[in-house]
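Structures incoming, each one as structure tokens.
Paired with chain B in one complex and with chain C in the other, chain A is shared by the two complexes that follow.
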Partner chain A sequence: MSTLLMASELWHADGLWIIAIGALTNTACALVGCFLVLRRMSMMGDALSHSVLAGLAVAFAMTQSYSIVPLFIGAIAAGLLTTFLTQTLHQYARVPSDASMGVVFTSMFALGVIIIKKFVTGVHFDIACVYEGALGLTPFFTREIAGREIPLAVLTIAPVLLLNIGVLSLLWKEWKVSSFDPALATTMGFSATLLHYVLMALVALTTVASFEAVGSILVVAMLIVPAATAHQLSDRLAPMVIVAAAVAVLSSFLGYVIAEYRNTNYAAMMTVVAGALYALAVVFSPRHGLLTTLWKNIQLSLRVVKEDLLAMLYRVEELEAAQPLTPAAAREALGGGWLPLVAAKMLQRRGRIRLENNAVQLTKKGRTAARKLVRSHRLWETYLVEYLGLPLDHIHEPAHRVEHFIDERIRGKLEEELDASAGDPHGREIPE
Partner chain B sequence: MIGLSLYYKVMLGTALLGGMAGVAGTFAVLRKRSLVGDMLAHTALPGVCVAFMVLGTRSMIGLSVGALISGLIAIAMMTVVVRWTRTKEDAAIGIMLSTFFGLGIVLLTDIQHSEHTGNQSGLDSYIFGEPGNMLTSDLITLAAIAVVVLLLVFALFKEFKLVSFDSDFALSQGWPIAWLDYVMMAAVAVVTIVGLPIVGVILMAAMIILPAATARLWTNRLHTMVLLASMFGVAAGVLGTWLGRGLPAGPAIVLVAASIFYLSLLFAPQRGIVSRLWGESQLRIRIAREHMLRSLYEIVETQLPEIPPVKLATLQQYRHWRPWLLKWLLDRCEANELLYETDDAITLTPLGVRRAAEVTKTHRMWELYMLEYAGVAPRQADKAADHVEHMLPESLLLELETKLKEQGRLPTGLDALPESPHALAGDGEHGSSGGPR
Partner chain C sequence: MSVPAVEIHDMTVAYQRRPVLWDIDLQVPEGKLVGIVGPNGAGKTTLIKAALGLTPLASGKVEIYGKPYNEQRHLVGYVPQRESVDWDFPVSVRDVVLMGTYGKLGWFRRPGKSERETADRCLEQVGMLPLAKRQIRQLSGGQQQRVFLARALAEDAQVYFLDEPFAGVDAATESAIVELMQTLRSDGKTVFVVHHDLQTVRDYFDHVILLNMRLIACGPVETTFTNDNLQKTYGGRLTILDEAAEAMRQGDSIR
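Up next is the complex of A and B:
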């Protein structure tokens, strides 16, 4: 990889422009995307990025030129129309919300394609470009500004990025509240609907500014994927927005390098990279990742099995005449598999149990721990009978499940409420 | 069929596709899974490319199997993500859709670079759709799949119905709703994927949603909806091909389907905008008319059975009216011989008195009911009764009347209405507060 990164043909001026344009576009998308994802309206990104085509087509057909202002106006109009129609169809015609979105954006997309084929003659407009973009070509269309050749794409997307940052910081608090609690936002006096439309207008604008450079797949991907990645990694809005922007920039960089190396479509590769970054976040996120979740689940299962083993040994001791428990019998009683083995090993190492003459025995330390558990169990059983009036044959199972989660505090409360010296409902002693 | 010209082949093929998309789409729309079609259409692309790389040819069945596999992988990954991470369903759909499609474009570029024969254009059709490529064998495949989908829906109709409308109930009745859901989605997937090379990605998503959403506007019954959806689908295929000569066929078909949708949205009998606006305005007019009759009655009430003329100015002061509406209402009532107008006064006819008395009776009964049963304060009762009295069903009125009668509080005969429980405008209080709006 290092030799790959050092290769000089990778770092020509055009390549740097491609990375820059990709990074600007991706960041602009990722910023507004955070709010789409948090509001659970990600698919509005997909819908808008397709339906703005109708606005573009009308602007094209009317001006027969490539001037940017009419295009932006057309796109915003189309975006707002999509939002309005989607909502109206859902509210007044009771079309399910996903279907109403699907109806509106597909029909506007089809309309856009037809208008372009039928009425746009002066401008070269490639439908394939709508999907894939032509990021590789962007460095070749430039305009001279202050003596330097700047690609047109930069001149298009950079102001939109600045606008997104500006609106975001101006309306930060409002968007934050309305994303997490629209009802609260309304009671606080700013209209959630208005904020919604402002967001949609920004999405439409960003989409159309990104269109030519990167195409609709990258737009959809960048609206959703970096935000979702950041959502895996952070629990607060500000870090989430920053992480999303970082993921967007990183996707652009890595996407360019890999695409250059494999000689393939830049925008598509950036999308794939973003997807891979999301997958990494899903698996390895320290707080919400699959591995963390799995690890926590295993930890919990182990703790439950360990505690069940201790409590079981205590009960065996209680019935003095009973046979001592063999390791095999204990394992079977705990449901088999590898968990009881590991649990027993850990208890043995911590000096809670010992193995004597093929029988599992509690140590003194183990007995103390087990007594607490059995006490929790029997207190809970007593509580269920006295306060909830459950019959005797219905109380063991719930107590068995809940005993692991009764801490000192709850045990103290139960002791206050109940008379522990009277024994549990089955007539057994509640240990100290 | 072999002898058909390409034009009719395309028409037949798109009609078949529209028909089965309507049937499968019905369930997708009802299950609120409309965007699954969109997702499947996008996520099929890498599968198509891999299948092409492995097979080396462009056979519809081979590529469709590849598409189906990658679509199902995407659905599985989406399910895992939604179940195990904090990513919600909408974002999960978007992520799968865009990254799979990006991967597809990467693979497609690879194929184009390694291609020597230059016939890769066939794969492009999986994105944009190319009905012109329709072969007779494709038609036969489409027909076969249409038959399979129809048989499936026919065989599992009752189960699908239950799952579509009340999946919780279905679950509580012990139906394997997860499996039924999978079968339903598999039907959507198969239809989507055979349609891809014909109308392309976006427009295939439209074919799943549009005919079904249109049918939903027309009916509340599932079997009617399935039939209508497939008819709308067929119509879109045939008309789109016919009207769209010289235009890209996919968008033309979708535009026809969309036009049918928007027309239905305007004119469908119950859910259509026109009929709903009509119904609403009818209700408004009825309410205003009843208010007017009641006002007239209350103004002349003390002098009955004499029916003195009421000055227009008095009526205008009695409560707030929109002038044009009042004029129109008076004219209409005059045409119905409920009253007659002179220069600046209105006189109720005996028939008019009777109608007005009925209306007033309903109002007062409702007021009484609310005072007695709902504990509404007397000053509020009049307003509240104003809002509700017009919508009371006949049966409730009868019940109310009997109830009041049982308690001996309903005066017999219309000439003796129950006393209004609050002061009337003539006494000065009601009118000055502006009256109910």
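Up next is the complex of A and C:
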């Protein structure tokens, strides 16, 4: 990879502009996207990115020009209208919220198409361009600023990014509380509805500013994917927003490099990279990742099997005419498979059990540990009979499950409640 | 007689024109612990939400210390039901409690050192300071409820509305909440609590509001929490009231 990355044809000025424009756009989307994800409104990004077309079309038709300010105003108006209609339909016509969103954004999108076809002359409406954007072409449309040629796309998206950062810092605590607990925010005087509309206006604006450069696929993806990735990786709001921005920038960079080598569409590749980063986060996230969960589950299963083995050996010792337990029989009794093997190895290494004449036996240390487990088990059985009134043949299984989770504290409480010296309900001794 | 802490005057609340609370009229003096009691669907949560301006009133008014709620917002604290928020939200215990100070800060101002100290003091009061840095997902039900209470304390209000604070909490948390309510009362605060356990009403509260779509009774526990009133509260719904509500939803006149 390092030799690939050093290849000189990759790092021409246009390439750097493409990365920069991608990064600016993606970051602008990711910042507002965090709050969409946290409010469980991810699909609202998709909806707005379509319905703004109606606003753009009206702005086009009225001004017959591409000037940016009317377009922005049109987009914000369309965004607010979508939000309003979606909520109103949901609230007053009692349409389910996903259906009302689906109805509103598709209608407005279609309306936008009709207005463009009917009233806007001289516009080439290219659907592929709407989806893919024209990121590769952005470096060629420039304006001279202070003696330097700056791509127009930068001049469009940079102010929007700054606006997003500005509003985010200004309304940080307001958005935080109203996203977490809208009712509380409202009782404090921070109207959750008002804050919702401000967010939606920003989403609409960001969408439109991003459209031309990166197309709708990347916009919808960048509103959600970096934020969802960051949600996997962070437990605090500020780090989440920063991680989301970092994922957005990283996707632009890697997306550009891979697209160059594969000679394909930049925006689509950036989206694919973002999706891949999300998948990585889902699998490898240190706290909630699949791998961590799997590891924790294995650890737990292993502990249960180890404890079951110890308790089993203790019970064998208790029997008067004890048949020694062979490794094969022990493995069989613990359900077979690889877990008992690993468990036995670990217990052996820690000096809890030993193997003598093809018989598994407890060491002194092992016996102490086993005694505690059996004590927990029998205390729990006693508790079930005395306090829950369960019959004798119903108590072994639940106690078998619970014994692994009874710590010193709970054992102490059971000892206070019960008379351990009287033995368990089956008449066996409760070991000290 | 001094101004009541909360006065609800002829309040009706409707969803889609269908009234769920009819003509509620009550007064509660300052410094009382008030249980709101009634069967499922009686409108207990609605009563709180309407008093807090979260649900629009079809008619009537709510006054806090003699003035409309909108002017007295800062005097009122709210603890919603625990399930009403997303506990996966990326915030720490301290962050959540800090949110209690936002109302007094107002728009745009950031919480500073004194707000953080307030938050820690409130956490201390509910015994949760050692867990201040935890992500809220890692808390037990009782701990989550304590965090919500600490947040309410941080609001530093005069009148509190707690929606089912005892639901799904352990015994230790339950007694901690009761103790906290008593501290609030001795500071002259008024606390409204939606409550389900009839057994404990006498022990926990001074006042009780008995509710079942309409106000059955409101007053001191000794005189109000009587068998007779409980019978009225739980003895089935009033069918005519139900039918009238349904007719209003459908927009017909009541024949």
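Convention: the second predicted complex is superposed on the first by the 427 of 432 C-alpha atoms of A that agree within 3 Å, B and C clash if a C-alpha of one lies under 4 Å from a C-alpha of the other, contacts with A are read in each partner's own complex, and residues count from 1 in each chain.
FYI, a residue touches a chain if its C-beta (ideal position, glycine included) is under 8 Å from a C-beta of that chain, and two chains touch if they have at least 3 such contacts.
This structure is a prediction, so every number in the text was calculated from the model and none was measured.
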Task: Touching partner for A:181 - first (chain B), second (chain C), both, neither - done: second
Task: Touching partner for A:231 - first (chain B), second (chain C), both, neither - done: both
Task: Partner chain(s) touched by A:260 [first = chain B, second = chain C, both, neither] - done: neither
TODO: Please indicate which partner A:278 is in contact with in the superposed arrangement: first for chain B, second for chain C, both, or neither.
DONE: first
Open item on the list: Just to be sure I read the superposition right, which of the two partners does A:107 touch: chain B = first, chain C = second, or both, or neither?
Closed with: first
Open item on the list: Contact-wise, after the overlay, does A:40 reach chain B, chain C, both or neither (first, second, both, neither)?
Closed with: both
Open item on the list: Touch test for A:308: chain B only (first), chain C only (second), both, or neither?
Closed with: neither
Task: Contacts of A:220 with chain B and chain C, given as first, second, both or neither - done: first
- [ ] Between chain B and chain C, point out the one touching more chain A residues.
- [x] B
Open item on the list: With both complexes superposed on chain A, which partner does A:94 reach: first (chain B), second (chain C), both or neither?
Closed with: both
- [ ] Residue by residue on chain A, keep only those touching chain B in one complex and chain C in the other, then list them.
- [x] 40, 94, 231
Open item on the list: Could you list, by residue number, the parts of chain A that touch chain C in their complex?
Closed with: 38, 40, 94, 170-174, 176-177, 179-181, 183-190, 231, 234-237, 239-240
Task: Touching residues on chain B, where the partner in the complex is chain A - done: 29, 32-35, 37-38, 81, 84-88, 90-95, 97-99, 101-106, 109-110, 113, 124, 127-128, 202-203, 205-206, 208-210, 212-213, 216-217, 247-248, 250-252, 254-255, 257-258, 261-262, 265, 271, 273, 276
Task: Residue numbers on chain C that touch chain A, as the complex places them - done: 16, 49, 52-54, 73, 76, 78, 80, 84-86, 89-92, 95-96, 99, 102-103, 105-108, 110-111, 135, 151, 155
Task: chain A to chain B touching residues, read off their complex - done: 37, 40-43, 45-46, 50, 89, 92-103, 106-107, 109-111, 113-114, 117-118, 127-128, 131-132, 217-218, 220-221, 223-225, 227-228, 231-232, 262-265, 267-272, 274-275, 278, 282, 288, 290, 293
